[in-house]
């Protein structure tokens, strides 16, 4: 695929000495590499990079003094997704799930799958097992929620959203993850950059473990899955906040971008439901 | 209609001086009279009857000493329900709702209708207004819940039940009340005796205000609405607990009955959806 | 006491035909009268006054066409509060509570007292019964919450607030009401105008039933209880919203005032905890 | 210390082919070894051991046919805890926390620390940082909760327990973990065997990361921390259920034991608050 240029420009007003934990660097793994990458912090200071977990989450930790702070991150990313005919993908056999996948069946802070066994079973239990069942979960989520910025907050869970029927990208992902787990399908949250997302912003989506690997899904239909650049992976959004701040710091502006470079290999169109994307 | 013989026999073990507030006497109003009624308390003591609210709720208050306590209540009830062709019943016009009906649009402890506007609108907003819309709410509730004794408790709300999809009669009523209120239809909870309920027990159902009066509904389909004998009416089950106890008293047995006397005018069959029952 | 001039000026932008239910007229009862009162609606139209409940709640219902809408309400109010030495006020005996007070022991939408028996008993169970115990509940609420505009919303309950420890006047009232009910003390919500409230706004407080009548309390300490002018009374804020709107109407400005006229009988200072105020 | 003999005997009635995921084998790490260990499954079948995570969680996965199933697990365990004078243990510096500890600051399914910042800060913010602050959290939990079997269920969270003020060992741990995380102290859930626990059962406790390692704590005071044998470690109880069952299997009996062998080195007494136990 054509390279993708991603980045963000964050501005903070720091009122007292603060520590920031930022999760905005693209993950580096077999499916995703950067040909150039830069981080500029002003006023200049060193950021420590913490590698968290086996999935390449790269946290930046920096301690800052009062004043203006600006962070500019840029990377050119090459994606090497596996594209598979989605009609051929079965669900994994529960007895054979790899040990490191099992925890993604557990309920988590924003994904109370343990409360939703009957709900999920009623809605999706009669469907054929496989990739198409996760697609059905995405469709249900898309059709029953209304995308409404400001309608949810940092403590809103999948169950809250299932009742109020509004949310933003992270809520769509939490609902779909919860329903997948309740059906016995391991699922986890992914944050990232997304080509063609309007308005441009960080994005939240998810992946489900099917057959023998993880596949990307997005219930919002806001941008093509093939143009998703992974930042962090976690049980839900609690694990991969873009910024965690200790001290008095106020974000004053955020700019995010993800642009496909011109070329012969345009990114996959998520509307093509026959094509599954595996990138983890 | 043929008279109905209702009653209950409650046994308590009283460990310390206690005050009981019992809500088991049948309501007396234009739609419901008793030809004989008896209350026997052993050991003998006087129970004070408190009339609560304009709907004929009759609370019995008694203070008891430690020891065994038995309460036997019996009544023969004549019902004078209005039977109306349900196809003719429109919803009331909001601007014309009587003042004393307005509070039954408000959310209450177990009926968080304020959280369900979008949910209700999505499911029932496209349906024709009128009696049939409340029937649709009952049908939805019946079809999406599984009647499961023990699956809910005293703090379970309609929202909890909408997620977990199981409950008992009071939960069915709370769900339907919440959805009706969210659609702008005043609705309230009714406790009572119910002919042909299996196993025999106190029952919980609801009524909705349509056109110019209240109509009885039951989303459980466990017994014919025409055989419901009203005990109490309230916003939800919080208002009309069968027994509220201060002190140490343990219920050791409950027996409840509601039997139609033989005769020429059998009670209405709730399956006959063309016939609406108004009894308040 | 000196008369109090209260009023409000509301502006709405009406986008489609709408019905408004407004609860801003002062209640009229033995403790509160108006010497002059005016309501001006522009463009001119008739508002129907609905009397709701035995407490003098006066709802204004009006149906309006698209365009600008302004509502100006003014009244001069005389208060006739009973002032009692608070040290003499016992709690009511549960067995002797009047029937119409019993429902104010029940949990309600925003006051889940049924979940808080142990919490309340642990914090307040060892205190002497009486007026001073409700004062202790107010003090606890004041000391453990931080008054934070914007920290709560229309679905926030007392239990939410007990965890997050922030709220506004209605939340303070809901917490105190819940704790009082959990202790067996009937309690209910009151909306009103409040002299010396800064910034001026509608206010929410509560009353508790002690001995043989209702007494006013306010856990926020934002204004003297003696200067509270009652608008509505209900189980909690769900019963007495200032405005309930059907249709597309957007509030564009709200101005509220409550000013004591100069004179020889200044309103009671709430800091004087020896003086209890009964006005219902 | 003297060796500890632990084990359990589980009986299941299997109604349909089922898969069981059992978490009852003791963790093996530098602080804990077994000199003999046996697992007996009747009828005989192979159980696959899945190692989950870096902490030595050992899950047994077995697929069983309908009929009786019995599982007998036994091990003799040697503990090598580090004992430290607790007065010397500071909290870790946030900027210096190891990357793999950071996720234990995140809220999780049963530990909604994100809702409790103000609550925790109010109760524990004025205390000196260090081991003693976690002890204060344990004391608060112990003093404000009542240990009540049956008062909580599989969906009960720390916030639920903070309101209702009752729970069992897992709830005590969830509350303490949540408050610790809200104070910026990484904390996680540990399941295990516990010498002298009455009645004998599996136990749930927690550990907090202080200075440069994890220390064990137990807010229930039901058994000495020095006699805790670790089974699993997770974010909360959602990660380390003793048994996760797919299919129709009913537990018919559970027997659990943990006995210290006679010898010269009795286990630490948890009452000795001067001695901190680090075993991870």
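Order of writing sets the labels: A, B, C and D. Residues in every chain begin at 1.
Heads up, the rule we're going with is that a contact is a pair of C-beta atoms (placed from the backbone, for glycine too) under 8 Å apart; a residue touches a chain by one contact, two chains touch by 3 or more.
The shown structure was predicted, so the numbers you read here are calculated from the model rather than taken from an experiment.
**Student:** What is the touch distance from subunit B to subunit D, in steps?
**Tutor:** Counted as steps through touching chains, the separation is 2.
**Student:** Could you work out how far the Cα centre of subunit A sits from that of subunit D, in whole Å?
**Tutor:** Centre separation, subunit A to subunit D: 31 Å.
**Student:** Averaging over Cα atoms per chain, report the distance between subunit C and subunit D in Å.
**Tutor:** The separation of the two C-alpha centroids amounts to 47 Å.
**Student:** Can you check how far apart subunit A and subunit C are, centre to centre, with Cα atoms defining each centre and the answer in Å?
**Tutor:** Roughly 45 Å, centre to centre.
**Student:** For subunit A, which residues are shared contacts with two or more other chains?
**Tutor:** Residues 115 of subunit A each touch two or more of the other chains.
**Student:** Using the definition of touching given at the top, classify the network of chains in this structure as line, ring, star, complete or other.
**Tutor:** The chain contacts form a single closed ring, each chain touching exactly two others.
**Student:** Using the contact rule from the top, write out all pairs of chains that touch.
**Tutor:** A-B, A-D, B-C, C-D
**Student:** What residues of subunit C sit close enough to touch subunit B in their complex?
**Tutor:** These residues of subunit C touch subunit B: 19, 21, 50-53, 59, 61, 63, 94-95, 99-100, 102-103, 106-109, 112, 114-115, 154-155, 184, 234-235, 238-239, 246.
**Student:** With touch defined as at the start, can you tell me which subunit C residues reach subunit D in the complex?
**Tutor:** 115-116, 118-119, 122, 144, 146, 159, 162-166
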